[in-house]
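Below you'll find the structure I mean.
Chain lettering (A, B, C and D) follows the sequence in which the chains are written, and residue indices restart at 1 in each chain.
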Amino acid sequence: MIRVTIWNEYIEEKMYKHVAEIYPEGIHNCIGNFLSEDKNIQVKCVTLSMPDQGLSEEILNNTDVLIWWGHQAHDEVTDENAERVKKHVLKGMGFIPLHSAHGCKPLKLLLGTSMCLRWKHNEKEKLICVNPSHPIAEGITEPVYLDQEEMYGEYFDIPKPDDVIFLGWFSNQEVFRSGCTFTRGWGKIFYFQPGHEEYPIYYMPSIQRIIKNAVKWAVPVNRRNCDYDNKKVI
Amino acid sequence: MIRVTIWNEYIEEKMYKHVAEIYPEGIHNCIGNFLSEDKNIQVKCVTLSMPDQGLSEEILNNTDVLIWWGHQAHDEVTDENAERVKKHVLKGMGFIPLHSAHGCKPLKLLLGTSMCLRWKHNEKEKLICVNPSHPIAEGITEPVYLDQEEMYGEYFDIPKPDDVIFLGWFSNQEVFRSGCTFTRGWGKIFYFQPGHEEYPIYYMPSIQRIIKNAVKWAVPVNRRNCDYDNKKVI
Amino acid sequence: MIRVTIWNEYIEEKMYKHVAEIYPEGIHNCIGNFLSEDKNIQVKCVTLSMPDQGLSEEILNNTDVLIWWGHQAHDEVTDENAERVKKHVLKGMGFIPLHSAHGCKPLKLLLGTSMCLRWKHNEKEKLICVNPSHPIAEGITEPVYLDQEEMYGEYFDIPKPDDVIFLGWFSNQEVFRSGCTFTRGWGKIFYFQPGHEEYPIYYMPSIQRIIKNAVKWAVPVNRRNCDYDNKKVI
Amino acid sequence: MIRVTIWNEYIEEKMYKHVAEIYPEGIHNCIGNFLSEDKNIQVKCVTLSMPDQGLSEEILNNTDVLIWWGHQAHDEVTDENAERVKKHVLKGMGFIPLHSAHGCKPLKLLLGTSMCLRWKHNEKEKLICVNPSHPIAEGITEPVYLDQEEMYGEYFDIPKPDDVIFLGWFSNQEVFRSGCTFTRGWGKIFYFQPGHEEYPIYYMPSIQRIIKNAVKWAVPVNRRNCDYDNKKVI
């Protein structure tokens, strides 16, 4: 059983009517619903407004893979909670920041770069697989067309990814490394660009397939039980 | 002094009037001309129709970096000559296959993949730097616009590059890893997609700058003097 | 069901008594035996002396992962058969060359380098995991000690691996990238250094675990059904 | 002219007599001396006890490559100063943390991992080049023997390096990725393990050559002049 925790800041769905119409129960529940169709996946949804911002030691201890959606409230996540997420990734927890979560605190702590990019609303995107042997690309070797998406464009200030699985072509002459993996410590990270809150991206079967694939890929292979301190050899 | 040998199959410039108008002395001489502006670069041009197809042991022994342009006559290069180029790369010689040289024999021997891609004439390309700290990107952090270029699109069947320096955006909804580096043995390889023979791509200052940068980067760091056989340790 | 084909040149086990004592039924059957303990793995063993050298189109069409052990007869494998293996890897088949199979023809065709290394019999090896989040390292985060092994030492002339999972420490002051992955086309490759025929390496539970892990990792994610030719976009 | 700033915490050379005998003017001045032999390199030495801990905006603005040696006082470097170093790296400044500087604050901010490792005093090390085409390996393709060095052993908790240039073999059955490169933003990082303060490592010509090579390699290729904020495309 894969224990997936879906963290959502859950603000825009409550603040904007047109977002609420797309995700009436929040993006987290939309993602939780399609993941739950897989009986090997157990979903828990948490949000920014919950106790401990939904990021307590207990919750993370019971998480194999953490999915994260955030946008306007990155700074409201406490440094302590961001550090806790980072430590769990280093110990093995999988981490899947989606779309505007490129700028979330835990990812910035883990990757060390500014994560800056270029952006523009309402463009067409074509998502193209350039890594057909990667488990996250299973079943997704043909292009995925997004009629409306927020364009994210290069230069995207990330460390060199372990693997670039998807490149995004955008109608306004921009490209983007839209699906990238990183390893930090014993944990695996998949950043996936699609999923602006104003478009029903997470209802698309291909996008759901990619996220499911990513969850399976990100499950810890080994769990680190040592401390992080340097160790003297005798 | 960097000794650059420019190999060109030199067929289309003689066969087609509209190509000859763009490159009256052949693509090799166009490239040779702008490289020669740098007084630290010494250029030698060779073509398929020369003795030893321009790829003799003596020529390669006196080459630091080999630039290669070929298209319709890949199969006419002998296996022996292709193997010789490969061996010199493994010993340290830099290698810069341009555009349709993605399918040339020495590169296929070195990379081991099919090099297949998708293609279409006469599209717009925007070349975007995704690796601003790489020496080949020196001075090229802003996009380069090609009004007319042959589109090359993914999936491009190459091994995982050491570095992807430029991504290509194309007007027909395609993307491409347009500038990629590989290391094989002691030699460095830069594959660069722009340069279809029907468009005056190699006259563009930005393209020239990239090729010059690549030449400097590809100069052998160390020269391998051992044989390639396995070596028993005593 | 994972269909694993184990190819062995099967010469030394018949030629040398002390090797036969270790692997009376050949290295292939030793490996086949421990893999068959997993009921999701279906094993077929083939050897150099079989029709088509055990590498017919039919056999490879029914192979998900090909394990290869060879040493002194690399040159006896026909070019045609080596090319066929290469093509199946590019279409998705997993490929696991073991020990002296670093010099086998299909691997050299796929990687493009000389594969040269340094070697010496009868040293101690300590195999150290440097990539604890990789599926091939599952359960193998602690060192594996080999009391007797053939030392393979750097410089090992391979392309930059996608991942180095294990480093080998040797008692004669040598190190080696002992477990490396590569991707070529749609296929995954794992080269694993341990397994000299004079020592009972493939009976060690940790070594068996690594090979089992590698088999599961190398199963094709996607199968390529297109041809390898360039494709014109209309 | 390459402007190199050498930062040293400069504590152990003053605290311990046996260290002072090796580095009477501090490790920074030893390194500064051999770098200054190259007339294209301009050296400035700074230490922890200076104003702004030697890390003011003005100093970093005039630095192309920052070399860092620190050990017991990592925590005394202020968060503000560590962040400033990080930002300059992201803008292009080269960064070369040596030996125990694996644990320094700016490197941890840039790499995001725990940097944990195993350690032991007074072992033999053999430094082995596994990347002969990398500029940092220029002239260093043969092994370098260190009669006495502090062993650093795996698992070393770093992100996957862009390149591993040197592997370290140690007499106590340990190996280490002793010379690794990383890119963060527009800046290049080289971590180099040799250089425990109790042994005269930085007087060795091969070690000096490697550090000189690294300085030349780490010089910014492009300088980033934009801010780090996300940028809206109009």
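Note that a residue touches a chain if its C-beta (ideal position, glycine included) is under 8 Å from a C-beta of that chain, and two chains touch if they have at least 3 such contacts.
These figures come from a predicted structure and were not determined experimentally.
When the interfaces B-C and B-D are ranked by C-beta pairs in contact, the top one is B-C. Look at where the CA atoms of subunit B average out and do the same for subunit D: the two points lie 35 Å apart.
Taking the mean of the C-alpha atoms as each chain's centre, subunit B and subunit C sit 33 Å apart. For subunit D, the set of residues touching two or more other chains reads 132, 141, 160, 174, 183, 185. Under the stated contact rule, the graph of chain-to-chain touches is complete, every pair of chains being in contact.
Put simply, subunit B touches subunit C in their complex at residues 86, 90, 103, 109-114, 116-120, 151, 153, 157, 159-160, 162, 172, 174, 182-185, 226, 228-234. Only residues 126, 128-130, 132, 141, 154-156, 160, 163-164, 167-170, 173-175, 177 of subunit C touch subunit D when the two sit together in their complex. Only residues 92, 131-135, 137-139, 141, 183, 185-188, 220-222, 224 of subunit A touch subunit C when the two sit together in their complex.
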